[in-house]
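What follows is a set of notes on a single structure, which appears directly below.
Order as written gives the chain letters A, B, C and D; numbering starts at 1 within each chain.
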């Protein structure tokens, strides 16, 4: 059957026949790099048009409908616009940090791509501590935001950055606890192991009530961590004009914009991996026939379908809810999500020990 | 090296909100002193669109000055015009035909709904919810179309003359208004689902921008801002003009004194306006829509004051006449100017996010403040 | 009863959020509710209300005649100096000198569409047109002369 | 209270006040030096309770200025108008922004538009006019701006 992993293996074999082992590694790294960057570009384009269409339909509008068929090329036009715009650096800014920040943001999201399984046996780096790696690296993204806010020498930017710092540091905890509950159930930090443990059903179905709570907490936490509404305080436009990227323009702004969308994709991919089985097709217990039929749908489709479902959820939140205030945001984390998450982790652990899950 | 600019001796940040800022809906310029996220002081700087309408009116005749007031509170332009026409009619003792009165009141209430719709959407947008804005504009668009049919314009209607209205209502007016009422009644429950009931929204509004009844009176607030503090102040009830004394409606009062109370007052006021329209729409008296007036209007010597209830509060017109064709001195008491004076008091000690909510519920229209 | 209240609070909050989500999902799936006007595309079918006040025009009949006597009632009535009437003396067929308009200058950029000039006009020479696409690249294009070149006053209009 | 009752009550408070009927409300003319103490009495007296200052303005009569205060009571719903003559040169009057706090912004507006100096005002600065405004106060009758004013 056709699958991405077959293509990858074929490329690997072909390179192995023609070059020495060291060159093969170099070539494969280059190919992987190009793939990641092009995935970035494609994801940026797709997610922007998706966001605009989703928001438009919820707001009883048509949305972009001029460029290309049904406006599908709108985000390409936007990119061209951003590319030709002047990338300004304000006078009082710390020039080095100011220019570094957007690249840092993009590098962090690139690093996060590594341990994600896009299809069956298709991932960049089969890391045995994949989950830990993801939660560790995703915290680095706050540095780029702080850097941007500080270096802009603008009070709005500074306040946006500080808000964002407080927010990401807090919500990291809840996201971590929610992830831990799945780690407890599978007993592994490896992404592949976690996916394989869902071969007889995804955790969201196997895990009863505690896993649902984990899932909801995870959704809230990742929305906050990616600075999306209703937690977009770092860039709350009615309060701080544009928050940490007030002073950015042109491509530098576009990089922040892209990093935000790719971050959304990555956290949703992780959510899909942990709770919805990643590329694992929809399997029910021991219904071999049904499971077999489900296997005919390519694993990459399953992965992207689930991820985009979660992305849609996050967009849906954004276009429905008003924004929280900064103290309410921290209250929500420390008074609600964290205690609930901790008790829930206890429940999950009990469930794992007593084997109550399916 | 990074320079320290715009800080006070205590290390507080001084931030300019406006004149171009997404939250100010116009060119309001607020200088706020911040300690971290907490507001220490809000200081309005006005005048960015001051056109000195009061000075302009001193050289305009009593027919002409009415239309300048459309440009003050552009969201209740019809009500502003109405107030000016009432003043001239009161001073010259012009009897307005019953049909014209009914038409004026109908359009007043439609204007009020349209203004509150825009406020609702814009305030939701300030709080970060974008969708309600478009939903509010769907209903507002219908009112605008009714206005366009009858008055010939969507925003600055210029429909009122001293002694009546410019033209009779459009043949489609009754039908379209009924359609609007039917649509509005269906959609107003969605407002609750989208915003009012939302837990995030409730938390953003409850206990935010407390303005006690004594303070609200002292600051000269009016309209929904004062009624949100539980003080009855509806001009339509206390100093009824036109046919308001014959109509059944309830003055909306909330006792919460906070942003949520002001919000609820406006939402409930929309329903009351619909109630007024329903009473009138089938009972527009037959007859003339305009009284016979002299070609040149001359007010007798003296001083005149007329107040009307706009969507934002009490709009007052104070005219000193020397008996000529133009006013000697005219003063517009705009509701927004007084409401704005309470902002500093309300905002002290709250967060920046609250400031946005407060400005939203004060429903500031900048040309109204600047005049 | 702290715990019960806490749980109630959490579920109440989630419910209020779900209500909002349901509403937006309704609009997401019901595309019939979309109200967007596709403005330049619907130009052909777009019809303004017949009372719409777009700009002041002076109707001319097929003989290139208008009804304006040049009495300047509109100029006086205008609150902001939008209308300037330049008159000239014409010699009519009987050899009598008669006042007539040379130019009816209308500053669209100053006009507030208050309709006072039309109310003031004793001979119904001007009216409001329903045009609305007034944007031009140069402000001077907004100053218009309403009477057409070589137009004359209609017979019998005083 | 009706206008007659108000008259009696106010004559008790301030015998020097003169009354003027006509217009919509009861007009009371007072000396500008009496204003602050009189305003306090108007606000604090239980039977008057004028707690709501809804309009504060000034009229330029060419020979003198007149401050006009429109007051109402949210409790009894009676209205009065207080008028006080001011000198044309260096007009000054006590501020009432301690009593009716809305007066703070209104008085700043009158200060820049008419040049009335409000004694003891906490923050008497330009509000609407641009910083560093020089020249006449715009709402005075002899103000002339040849550049921006269109004469009809």
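Quick notes on this one:
Following the convention adopted for this analysis, a contact is a pair of C-beta atoms (placed from the backbone, for glycine too) under 8 Å apart; a residue touches a chain by one contact, two chains touch by 3 or more.
If you're wondering where the values come from, they're calculated on a predicted model, not measured in any experiment.
Ranking all chains by how far their C-alpha centres lie from the centre of subunit D, first place goes to A.
The central chain here, found by comparing per-chain C-alpha centres with the mean of all protein C-alpha atoms, is B. Pairs B-D and A-C differ in how many C-beta pairs touch across them, and the larger number is found at B-D. Remark: subunit B and subunit D have CA centroids separated by 25 Å (rounded to whole angstrom).
The mean-CA centres of subunit C and subunit D are about 41 angstrom from one another, to the nearest whole unit. Each chain gets a centre from the mean of its Cα atoms; for subunit A and subunit C, those two points are 51 Å apart.
If each chain is reduced to the centroid of its CA atoms, subunit A and subunit D end up 63 Å from each other.
Along subunit C, residues 17, 20, 23-24, 35 each make contact with two or more other chains. Shown for subunit B are the residues that touch two or more other chains, namely 131, 138, 194-195, 198, 200.
For subunit D, residues that reach two or more other chains under the stated contact definition are 152. Per the touch definition, subunit B reaches subunit A in the complex via residues 2-3, 6, 13, 15, 21-23, 37, 124-131, 133-135, 138, 194-195, 198, 200-201, 203-204, 351-356. Residues 44-47, 50, 52, 54-55, 59, 215, 217-222, 231-233, 238, 302-305, 307, 314, 316, 318, 320, 328-329, 331, 333, 337-338, 340-342, 345, 370 of subunit B touch subunit D in their complex. Against subunit B, the residues of subunit A that register as touching in their complex are 55, 58-61, 92, 94, 153, 155-156, 159, 163, 229-230, 232-233, 236-241, 319-328. Contact residues on subunit C toward subunit B in their complex (touch as defined above): 12-13, 16-17, 19-20, 22-24, 35, 48-49, 51-53, 77-79, 112-116, 119, 128. Taken in their complex, subunit C has these residues touching subunit A: 10, 14, 17, 20-21, 23-25, 27-28, 31, 33-36, 38.
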